[in-house]
């Protein structure tokens, strides 16, 4: 059953140095507040998993929290590069970053396999691509009925998955709606699940398009209002596109980046 | 009326969607083109974004593929695994519309890494995203990108996404169900695969552009169709629709 | 794009003798009206696919419409046997019935593979069971990462899938809610899709728990009010449990069954 | 207060759910037991039905696993593939509660076909439903069925669902993650697998039932624990709750 904790307590209880951590949310509902708490608690040596690393992982990578990144598209959507990600990969700053790189279809299916507790998933993918040459988690299987060779991707089972949702009830049942991305799969694939929410309410009245994660599939819920900013929470906020554009110059330079993180993350909270 | 070369490119990219019923839309230039098509030549066009929206009808250009308006205006919102497995992989989508960092003469795409020469680390690009499976499974593929020797290259540093592989028959050999790239729309003109060789050939030039300019801006020895067409200038309605879309996007961003 | 047709036209246009037909709906939203129209149009030699054959297939089988049944649980839920199904299997009346028999998990995954246009699906299933010995559509695959042997089930791709839904709009977009079962997968696995609906409305306002099948994934929509009876349509009707209990004596005897079908199906509509 | 043997069986089946957090519920006797447990010994018990409901709280006994009330009162409703893949197969569910047509001494189950002897066609049972994977993946399995030589047999005609296979170690060898059957509750008493041999042994009798009666009603040579316990008689509150559930179900059906 989910415990309702402060964000600080929840991160301290569920995230450990060296963990494989997935913070999911496909553009929508990205758990920035939790990521900032991870940075403040000085957790490091993380393997970070996310289809789209986005600014959230640019920040974690730039602060040296990650030793490895598992992903499928690492840009600043609609803006350009993730400069901290590039700097880590190209120059090893602040530390080298190992990569395991997939397509979106492959990553989505790795989470599906993880949520299903199967060791792998099958897709018609990667054909002719050089991607398999750089990954140990892409292989092939042959259909026992037709003989067709298909791609196999290894399940991903994070130690912890962190997601942001609109709300939870007092029992810790979690409700989210809008673009639901791959959050259910990422949460169910993990050993431990941390959900930040905009608010805790008495009752989760049904909402169109909503999914519910029952309390017994979640380990901790923490209230973090606007906890997805600069991403957004449908029904509570809109995407701060200005911030995503502003991130480009902030993140381009190491010192500017560090100063920004000091002012807005380390000394905040 | 005057227009920019980017506007020429986008208007022609939108026109290439005539007759399409469904389009899997990449962010950036493809999204601008697909949204323009829905406002001009193909009002019924169903826009599908990898964030899980089927039938998005945004009033402005989204900055990201996950802007709230894409979900709010959609006929249906599904999970990301579902959009890739049940809708894309299943072959339900007519056109995949992609941008690209590097494209070779067979329409193969690199969005992963750039070789910067001996002793220098690879340059990092964003990665594959949805492209490998979009290019594999959609009925056909359109690409839109700016014409330069950096973008249209002799040899890819990395094959992220297969277009026509190394020529005719390669898609079938690899088991790629869709027809692959049928047009690459740039700010100079339009390239289409030669039906015999699958090599991209310049078949159309935008008004005021010469074949020499296109050759100059291409990293391989570009073949030009015997009598390349000239694209129609943007109609006032096309330009107005494009500018309205962009202004709304810009005002909002 | 879905055409809006009469039920008679829709069945005539989409269902052909010898077809593989899936009529899905897990207890809820079972498309009885369409099945009755299939019987009235005298379609025969069908391969019927359904996780739970239920009374709907008991009727089709008893009327001799089916040559084969693909299924995972063939009882009258909460009541007892499906007597027409048993009579066909045990005694070949009114004609022999070939079986392809699975577990629910296997059947659900066969539809998932069908909807994904993969030739097979993987599950951790059937271990130690005799079921694989009687089916050509159960095999094994080995995980290329862990070496674990898992069950593989062949995709099911019906010629036609028929489902019942709450409503459609005038463009043929279909909306259903409540227990959504395996309907999306069954529909997307098929070559042709027929949806009967309670009503056609101007606008499909969003509903909690609803899924939408876009018009371009559906071939025909036909209005059939109460078209799931004696099953039910959440928001429109409740399950007619009395009928399910009454079906037991009606179906136990061949002549009683035939008389009932004549009076309520063949001479109805 | 008096009670029927079916009531004895159901009350004891409900008691077997003490301490369980989540239960995958088969229809019929298991559903009655699980709903009774939620009203008596384990109010927080999460009921999961294969129709896709997580946390159903029906006020009456459902006739089918798809009655509307199961969905209307659930914490979440998911698709049938999801309930089997993400919830059952993933090993999230503590107890699988099954009925059965034929059970052998190792708790294996046949719900497929009955051999009716040479020259006669097989008798048809409903089939597997969810049972093979419920019995494989739940933390443990409970069964409830009426005690008779027809139901508890020397040899299954067909193995639909594996309990303990042919004895200890078989589940591990087959790769079945859960612990398998831990109790079979009948209208005569309770059978549990011997920890050494995995064979079902009579460990408890209901009040007024003799070991001889149980032996008589069992198709194999039933072993009886040295000093079999006697189950507690149904408490008035248990009986009242069961009758209220059943009456509501009956009134509605």
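A, B, C and D label the chains in the order they appear, each numbered from 1.
Criterion: contacts are C-beta pairs under 8 Å (C-beta built on N, C-alpha and C of every residue); 3 or more make two chains touch, one makes a residue touch a chain.
If you want to know which protein each chain is, UniProt gives these names: A, C = 3-oxoadipate--succinyl-CoA transferase subunit A; B, D = 3-oxoadipate--succinyl-CoA transferase subunit B.
Being a predicted model, the structure only gives us computed values, none of them experimental.
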Review point. Can you list every chain that touches subunit B and also touches subunit C?
Key: A
Point to revise | Higher-contact pair (C-beta pairs counted), A-D versus A-B | key: A-B
Review point. Hey, how far is the Cα centre of subunit A from the one of subunit C, in Å?
Key: 38
Point to revise | Whole-Å separation of chain centres (CA-atom averages), subunit A against subunit B | key: 28
Review point. Per the centroid of Cα atoms for each chain, what is the distance between subunit B and subunit D, given in Å?
Key: 57
Study note, to complete from the structure: Among all residues of subunit A, those touching at least two other chains are 117-118, 123-124, 148, 184-185, 209
Study note, to complete from the structure: Residues of subunit D that touch at least two other chains are 85, 89
Review point. Okay, what are all the chain pairs that touch?
Key: A-B, A-C, A-D, B-C, C-D
Study note, to complete from the structure: Residue positions on subunit C within touch of subunit B in the complex are 115-118, 173, 184-185, 188, 211-214, 216-217
Review point. Which bits of subunit C are touching subunit D when the two form their complex?
Key: 26-28, 51-52, 71-75, 77-79, 81-82, 85-86, 89-91, 101-105, 108-109, 111-112, 123-131, 148-149, 178-182, 184-185, 209, 232, 234, 238-239, 241-242, 244-245
Review point. Which positions of subunit D touch subunit A when the two form their complex?
Key: 21-22, 46, 54-55, 75-76, 85-86, 89-92
Exercise for review: State the interface residues of subunit A toward subunit C in the complex, per the touch definition above.
Suggested key: 117-124, 137, 139-146, 148, 150, 152, 154, 206-210
Point to revise | Interface residues, subunit D side, partner subunit C - complex | key: 27-28, 50-53, 62-68, 70-72, 77, 79-81, 84-85, 88-89, 112, 121-124, 126-133, 136-137, 158-162, 165, 170, 174-177, 252-253
